[in-house]
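There are two complexes below, and they share chain A, which is joined by chain B in the first and by chain C in the second.
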Partner chain A sequence: MIGDAAFRAGRFWAVSFVVAVLLLLLTRAAIQNEYFFFAAYVVLQYVVLATAWNILGGYTGYINFGIGAFFAVGAYCSVVLHKLASVPVPVMMLAAGIASGIIGLGMGYLTLRLRGVFFAIATLAMAIVAQTLIVNWDFVGGSRGIYIIRPQHAPFFGDYVEYLYSLMLLLSWIAIATARTIERSRLGLGFNAIRDDEAAAEAAGVPTLRLKLIATTLSGALMGMAGAPLPYYVTYLDPASSFSLSYAVNSVAMPVIGGMTSWIGPVIGAVLLGTIQQVATVTISSALNLLIVGLLLIGFVIVAPNGIIGLIQSRRRARGAR
Partner chain B sequence: MEISLNLLVNAVVSGLLLGGFYAAVTVGVTISFGMLDIVNIAHPAFIMAGSFVAYALNSAWGLDPILVGVGAAPVFFVIGLLVYQIYFYAFERRGEESMQGLAFFFGLLFVGEVSLILVFGVDYRFVEAPYIGPSLHFGFVELPLRMLIPCAVALIMVAVLQLYLGRSFIGRAILAVSQDRLALQLMAANPARVKCIAFGLSIATAAVAGALLIIIQPVEPSIGRDYIGRIFAICVLGGMTSFPGMVAGAMLIGVAESITATFYGPSWAPAVAFGFLLLTLAIRPAGLLGR
Partner chain C sequence: MRAPAALLSADGVSKHFGGFVALEGIDLDILPGERLGLIGPNGSGKSTLVNCLCGTLRHDSGMITFAGRKLDGLPAHQRTRLGLARSFQLPKPFRSLSLADNLRVPLLYAVNARPGARLSRAAVAARAAELLADVGLADKRHRLPRELTQVEMRKLELARAVASAPRLLFADEAMAGLSPSEVEEILAVLFRLNAGGITIVLIEHIMRAVMNFSTRLVVLVAGRKIADGAPEEAMRNPEVERAYLGE
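Moving on, here comes the complex of A and B:
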C-alpha cells in the first residue's frame, strides 16, 4: 500500500515537473513581451506563498499572519549574501530557505503554549519584531533601504527577469508537489487530525508537536525561498515594502478564496487573484487592487468559506444526488 | 549622571502619559476580544477612521478634535452594531467564528486602511487645537499638554466605562456574557443582543481613541498596524477582561517604550510591545492581574 502511495507521489512529481518545464519553454519561446515575465513572476511568487501558507493554515489549522517575516527574512538573507560574496540566485534561495525554516521552527515551538487566536496574534507580533531588527541593522541598509545591482547577464539565456521567472516557476513546482505529497500521505492525515481536534489527536497517539514543527518549518522555508530573488527583482529593497502587510493579506486571501483543503485551492486562488491584481494595477490603480483583494477575502469568507473548490464540490455533490 | 536621571524621570513621565492614551486604544479590544471572544484585529482600522474624522472636521470647521471624537462615538456605535450583525450571521451562528472570523477581520483591517488611503492619501495629517504645543513644567519634568490631555480623557473614558459595566443593567449583562454565555441564555436573555451592544460600545471607543491619537502625533492610514500588537499585548498583559489590569499593562508598555525610545532610539520602540506580548504569551498567558 505504502509503496503504491510512494509510486503515485513520485508520478505526480514527475508529471508536474514535465508540465512546469513545458510551460517554461513555451512561455519563454513564444512570448516576447518583457512585461509578461515581470507580471508572471509576481503571480508565481504568490503561488508559492499561498501554497506555503496553506501547508500550515489549511492542513493544520494554525493561522500565520507573519508571512512578511519569512518572506522578508528570505529577501534580506539574499542581500547579506549579495554583499558578502557573489553567489548564484539558487544558492541564495537555498540559504534563505534554511534561515526562514529556522524561524519557522521557532514559531513551531510557540504552538506549545499558544493555540488558535493567540498563535495568530503572536505571529503578527513576530513579523514586527523581525522588521524592527532589520530597520536597525545598518549592514543591510536599515530603514533607508538598499540598492541591489543585478548581474549584467543571466546565467543561461535571455533577460535577467526571465531568469528569475524561470526560478520562480521551478520553485512553484517544488511547493505544489510538496503540498500535494503531504496531503496524500500519513503526514497530511496527522495534520488534519491536529486541525480537527488537537487534544483528541494527541490522545490517539499522533505526535502533534513533531508534526506542527514539520509544518511550520516547511511553510516558513518555502516562504523564505519565495522571498530570496526579490532583491534582484525589485533592485531596491526597504523594510517597509518588503514587510508589507499586502503580502500577508494576499497569502491568506488566496487559499481562502481558492479553498484550503486541497493543494489546488491556493494555486487557483493565487493565479486568479494574482492575475486580477496585475491587470488592475496596470489598468486602474495599485491602491484599488488591494481594496479588491480585501473585499474578495471578506466576501468569500462570508459567502463561501470553503472557497472555489468548496463551491465546485458542493455543486458536484448536488448533481450526484439528483 | 544628573542629566541621565533627568532623562530617565522625563522618560518615565512621558511613558505614563503615553500609557494612559494606550488604555483608550485598548479598552475597545478588552471589551470585544477579552469579554466577547470576538477577535477584532480590525480595531486599529476603526481607530484610524476616528483619527481621520477628527482631522476632516477639524480642518474644515476648526472643531475641537476631542469634541469631534465624542460626537462621532454614537455613529461608530451604530457601525459597530452593523459589523456585529454581519459577524453574527456569517460566523458565530454557524459556529465557525474562530478561524473564518479572524480572516474576516483581517480583511476588514485591510479594506479600512486602503479606503482611507484612497480618500485621504498617504500624507501625514494633523489637527490644530490650543493645547497642542504648550507644556507644563515642574522643575526639570516636562508635561506637554499634547500628551496630558489625551491621557486624562482616556482615563476618564475608561473610568466611565468601568462604572457603566459595573452599575447599569446592560453593563452587567455584558459582564455576564463574558463570564458564562450559557447561564445568561438560561436566564432568558439573548447573548447575541447583549454582545451586539457591547461590540458597538467597543467600536464607539475607537472614535475617541482615534481623536486622541491624532492630537498626540500626525497620522497616516497605515500607522494603524503598529497598534495591532500593542493593543493585544496590553490586553493580554492586563488579563483580558479587567480594566484596572489593562490600565496597568498600558502604563507598563508606555514606560517601557518611552525608556527604549529615549535611550536606544525611537526605531527600537515598536519591538518593545511585541517583545512583551511574546513573553507574556509564552510565560504567563493569564496576564498581570489575571485569574
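Moving on, here comes the complex of A and C:
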C-alpha cells in the first residue's frame, strides 16, 4: 500500500533524526578538542555534497562536474545576505538552497538534452561561467575575495564552530533522508529507469525530462545549502578556493568509492575519504589529499567498480548462489 | 476509402535525415483489434515509422491521430499513457532493476498516470507477477535481466510493453535472432495478447511468422508504402516482388 511506503519513509526520517541528535549530543559532550569540530564539519560537508551529487549522477546517470558552481553560489549567497542584512545562518542556508536549486533547474533546461561526456563538459563550463561572474562582481569581493568575521559564540550553542558543525550535521540528516526517500519511491524507480535506458524509460511512460529537472534542482539545492556556511567556516572567501575543482573531484570520487546505486554509498565514501584526508592533512600534508583520492579511485575502479556497496552486494549474491 | 473507426491514422507522414528521405508521405490506418504486419527490406523506414508514431522521433510533416486525438508534438511518454506501446528491436531492459521492477515502471508511470487509475502498491506487485507469469517468467521475477536468455529477454520486453496496458502494441523485430521454436513461443504470446484485445503491429523479417500472424500486410520500400492489403495479395504485388527478389 502507498500508506505503508509513506510510513516506512517517515520512520526512516524519525530514526535517522534521533541518530543525528544522539551523535550531536555525544560528540559535543565527549569531545573538547575544537579541531575535531573543524575536521568533522568538512567530512559532513562532503557527506552532503556526495549525497547531493549522487541524486543526479548515481540515480539518473548524469555526471555533473559543476559541483563547485552550486557550492560556491551557496557560499556567495551567504556573503550577499551577510552584507545586506544580519540573518541567521540557517536562513542563509535556505536562501542558498533556493538560489542553487533555481540554477540547477536552469542548468537542467539548458543541458539535459546532452548526454554522457557532453553533459559533463557542459556542467564544467557552467562552473567556469559562474566563477567568471563572481570574479567580476565587486560587491562580493571580486577576484581578491572577501573577509567575513566569524562571531565567537552562537546563541544556545556556545562555540561558533560547534554551531556550524551542528548545522552541517542537520543538513547531512536532511540530505541522507531525502536521498533514501527518493531511492525507495516511484521517483527513484523512474530515476533508475532513466539511468539504465532513457529511450526505454520514456516508452514506459516515464516523463524523463521532468524527472531529470527534479534531480538537477534537488541536487543543486543541497549543494548550495552545503556551501552556505562556508564563509563563516573559512572566514575568507575567494573565487579560486570556493570554486576549487577539488570539491568536484571529491564529490564524484566519494560515491564512486562508496557505491552509487544506494543512499549509503556516498555516505560511506564521504566518511572514509573525508576522514583519511583530514588525518593526512594533520599527520602528513594537505597537499597529499588529491593524491589519496586519485590512488583510491584507481584502486576501486580496478577492484570494485561498483564501490564498497557493490562489492558487498556481489559477495552476498555469490554466497546466496552457493 | 478510409475506415472511419481507425485506432491510429497516419496522414502523409514524412521524415528526412538531412538529404536522406526516410519516410515519404506515409498514409496508414490501423483498425482496432487487427494484426498488422509491417515489412520491408533493411533501411526501408519501418523502424523510423514506428519511432515517429510512438514519439521517439518527430516527423517533419503529416498528421498522426490515435483514438481520435492528434499526437503531433506529443512526447513518447504521453503517447504511452494514451495506450500506444512498443517493444524495441534490440531489447532495452532496465539492467539494474529486477524483472518485477522492470514491469513496475510502466505500471506506476503509465497506468497510474491515467485519470481514475490508482493501483495500490500491492496491486502493482500482483499485476507485475501476473504479467511475468503470462510470458513464463514468474519464477525469475527477482532476477536481473542479465541472467535471462535471449528469448526470455524478448519476452520481458513484450511484458514491459504490455504492462502499460496498451490498446496498440508495436512489436519491433521481437523475434530477431531466435530459433524456430523460440519464434513460435513469441508468436503464441502475441496471439494471446491480440486475443485479449490489443491491436498489434508486427515489424519483422521472418516472413513465415509475419504471414502466419498478420491479417493485413503493409510493405515499405525506400520510405514509401508500396503495398497494403491481405498478406498473400500484398506479397504478389510486382513492386514487392521486385523489392525482395530484384528485377
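In this text, the second predicted complex is superposed on the first by the 319 of 322 C-alpha atoms of A that agree within 3 Å, B and C clash if a C-alpha of one lies under 4 Å from a C-alpha of the other, contacts with A are read in each partner's own complex, and residues count from 1 in each chain.
Keep in mind that, in the parts below, a contact is a pair of C-beta atoms (placed from the backbone, for glycine too) under 8 Å apart; a residue touches a chain by one contact, two chains touch by 3 or more.
It should be emphasised that the depicted structure is a prediction, and the values quoted were computed from it without experimental measurement.
In the superposed model, A:L245 lies in contact with chain B only, and not with chain C. Within the superposed three-chain model, A:L124 lies in touch with chain B and out of touch with chain C [touch as defined at top]. Touch counts on chain A: comparing chain C and chain B, the chain ahead is B. Of the two partner chains placed by the overlay, only chain C lies in contact with A:G205; chain B stays clear of it. In the superposition on chain A, contact of A:D4 is made with chain C only, not with chain B. Shared-chain residue A:V301: touches chain B; no touch with chain C. Of the two partner chains, chain B is the only one that A:L290 touches; chain C does not reach it. Once the two complexes are laid over each other on the shared chain, residue contacts for A:I312 go to neither chain B nor chain C.
By the touch criterion stated above, chain B contacts chain A in their complex at residues 39, 41, 86, 90-91, 96, 98-100, 102-104, 106-108, 110-111, 113-115, 117-118, 222, 225-226, 228-229, 232-233, 236, 265, 267-268, 270-271, 274-275, 277-278, 281-282, 285.
By the touch rule above, chain A contacts chain B in their complex via residues 61, 63, 65, 110, 113-114, 116-118, 120-122, 124-126, 128-129, 131-133, 135-136, 143, 245-246, 248-249, 252-253, 256, 287-288, 290-291, 293-295, 297-298, 301-302, 305. Chain A contributes residues 1-2, 4-5, 186, 189-190, 192-193, 195-197, 199-209, 261 to its touches with chain C in the complex. Interface residues of chain C facing chain A in the complex, by the touch rule stated above, are 54-56, 75-78, 80-81, 85-86, 88, 92-97, 101, 104-106, 108-111, 113, 120-122, 160-161, 163-164.
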